[in-house]
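Structures incoming, each one as structure tokens.
Both complexes below contain chain A, partnered by chain B and then by chain C.
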Partner chain A sequence: MTSRIGRALDGVTRVRGLQGAMLVSLDDGLVVADALMEGVRGNAMAALAASLANRLSLASASSGIGAPQFLHLQADHGVLLAVPGPEVTLLVCVGGADVNVGLARLEMLRAVEKMG
Partner chain B sequence: MVADIKAMTAEMARDPDSLVFLQLGEALRVLGNLDAAVKVAMAGCERHSDHADAHDLLARVFVDAGNFDAAHEEWERALQLEERHVGAHKGMGFLLYRLDELDSALDHLETALATDPTDESVVQALRTVRAAAEPSEADITAARASGEIRADVFAGFDGAEEGILLVDGQGRVLGGGVRNASGEDVAAEVAAYLAGAAQEAERAARLLELGVWRAIAVEAPDGHLHVSQPRQGTFLLIKRDRAVPPGRVALLAQRAAAAARTWLQAEER
Partner chain C sequence: MKSTRAIEPWVLEPLERFVVEAGARLTLVMTPSGQVIAQHGFARAVDVMAAAALGAGIIASTSELARMLEQAPFSALNQKGESHGIFLSGFDSVRGQMLVLVVYGAESSVGLVQLFFEELVEELRAAAPPPPEHRAVLAADFERDLNESLATLFR
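Moving on, here comes the complex of A and B:
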């Protein structure tokens, strides 16, 4: 993991309520880099997030609104958030149900910018 | 209250088989002494396992303690013992309302009201759940005024034929419609992709221990998508352009989900 990507991921995880951030390859759902709290299942999170993003991209593109720029899966006990990363990657975050999604979104978009 | 609790505790000590545990457990629950209330209610359930009120009491204590699964089990047990137990039907109505299973919640509350038409708390609960389950009066009035009421699931909703879609678990269109920027009908294609995405959302939420998924919001250059489950295995898509704030899209989705549930229920009759 380059220090630039690591710093960007660390910045995202400072958002209160987020339990981790990771950069995932969209093609195969593998972890490129991560900054996760202990107990977060990184490999599963990467694979599931990539698969969900790919399927939502199909629905999004076919409905005529273009490729997703931000995804928010809201569940009873938490959220899964994703934005497109550099090249064919996805920046994915997982957090509690009370996380400030607006703030997390901003930090994720900033992080992707920093990753270049 | 404290004196009452002392007297009831003394009564229980004198006669462990006494049904006074029902009042004692309830008093402790109301006071917020949940540990003691659980002990009393569990002991009561052990001694009077075939008494529906005992399980109802334990369920209410579990709800106060935030243990909704356990409460669900106890109310189910109470209903096995007494099919028309008002407290258990009220409780199940509350739990199902929390899970957004409004039709099932209404079933329980209506049974409770039929059993005890004087219970004001049931009337109030029914009012709340019915309001959540139906499209607003303003929508219905506006639709009637413009003569737009159709035999359509989303009649009266703005964009019902180009930006609201109801899909079954197999990816088939149930109602509404979606058109792309060129005005082409893309409902069937979107429905197929949507069902796959929703199944993936269910899998992700379960395996990442996030609980039941409630919604997926997608932000894209030319619009927003909002996906939800009006009920298990049925998916609702709302598509709006970027000018509509995501929060408003979510509110519209709630109203459309209520309309979808009403329509699905009517279709099943």
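Moving on, here comes the complex of A and C:
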């Protein structure tokens, strides 16, 4: 299981511009597994991304549009991307401003399939 | 009524920030003997004293278990319930060891609490003044200090 998740995360990080990928427990905001470049604060990213995803889920459920399938946060110097993972997890990626978001999303969905 | 109170004023600002950022419902900052330094969210003195005594007791028990296992003391304890979670941890400062007990709800997570707890520790360490000069503890002083502390925590 763990090596399968590790391989799936490694696959995602091959997308040019992505600085890391991690599987996060949605309930706890804790890191389940990660493949991050040095300097990325994994625990902070996990806790805050899970909190953000949970709040967005509430917002989208309240709007009657169902659960979020893809989260794309564009910041000044990069992007934060997330898709629902297996069980109650979230696959979170962080990358530079030049990352190909469409390709990254495709690889993230593939990775979740491999993890499941 | 303001729900964050501190006997030691230097604890107040970092604690208020922590409570907001971590989404904590209840928080206690105390010494290993269970003496409360600051609190957030408690409405009754009896609840604070009970929680402080239990929190200090848990840390004492786990520290002793670690000693028996010839390991360093456990750094944190987290217990998740159906609607609430409890996070208990300690850290060293110039004022000696301090313990923090946090109760959080479904709107927060142990990840968030841990993340902002690290910041709280840094801020408290930076803000802590040197310990006051040691003075003999008299029975009359003890009772007066205790009453003053409780009055400050629930003013």
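Definition applied: the second predicted complex is superposed on the first by the 115 of 116 C-alpha atoms of A that agree within 3 Å, B and C clash if a C-alpha of one lies under 4 Å from a C-alpha of the other, contacts with A are read in each partner's own complex, and residues count from 1 in each chain.
In this section, a contact is a pair of C-beta atoms (placed from the backbone, for glycine too) under 8 Å apart; a residue touches a chain by one contact, two chains touch by 3 or more.
Remember, predicted model here, so these are calculated numbers, not experimental data.
Peer 1: Could you check whether chain B and chain C clash or fit when both are placed on chain A?
Peer 2: fit
Peer 1: Scan A:Arg4 for contacts with chain B and chain C and give back first, second, both or neither.
Peer 2: neither
Peer 1: Go through the superposed model and pick first if A:Arg14 touches only chain B, second if only chain C, both, or neither.
Peer 2: A:Arg14 contacts neither chain B nor chain C.
Peer 1: For A:Ala44, is the partner it touches chain B (first), chain C (second), both, or none of the two (neither)?
Peer 2: Touch partners of A:Ala44: chain B and chain C.
Peer 1: Using the superposition described at the top, determine whether chain B or chain C touches more residues of chain A.
Peer 2: Counted on chain A, the partner with more touching residues turns out to be B.
Peer 1: May I ask you to decide whether A:Arg110 touches chain B, chain C, both, or neither, giving the answer as first, second, both or neither?
Peer 2: Once the two structures are laid over each other on A, A:Arg110 reaches no partner at all.
Peer 1: For the overlay on chain A, what angle lies at chain A between chain B and chain C, C-alpha centres, nearest 10°?
Peer 2: So the C-alpha centres give an angle of 90 degrees.
Peer 1: Answer with first, second, both or neither: which of chain B and chain C does A:Gly29 touch in the superposed model?
Peer 2: Only chain C is touched by A:Gly29; chain B is not.
Peer 1: I'd like to know which partner A:Gly64 touches here: chain B for first, chain C for second, both or neither.
Peer 2: first
Peer 1: To be precise, I mean the smallest distance between any C-alpha of chain B and any C-alpha of chain C in the superposed model; what is it in Å?
Peer 2: Result, nearest C-alpha distance in the overlay: 9 Å.
Peer 1: Taking the two structures together, which residues of chain A meet both chain B and chain C?
Peer 2: Residues common to the chain A contacts of chain C and of chain B are 44, 48, 51, listed in rising order.
Peer 1: Can you check the complex and tell me which residues of chain C touch chain A?
Peer 2: 80, 108-112, 114-115
Peer 1: In their shared complex, at which residues does chain B touch chain A?
Peer 2: Within the complex, chain B contacts chain A at residues 178-182, 186, 189-190, 193-194, 196-197, 200-201, 203-205, 207-225, 227, 237, 239, 241.
Peer 1: Of all residues in chain A, which touch chain C in the complex?
Peer 2: 24-25, 27-30, 43-44, 46-48, 50-51, 54
Peer 1: Hey, which residues of chain A end up touching chain B in the complex?
Peer 2: Listed in rising order, the residues of chain A that touch chain B are 41, 44-45, 48-49, 51-52, 55-56, 58-60, 62-80, 94.
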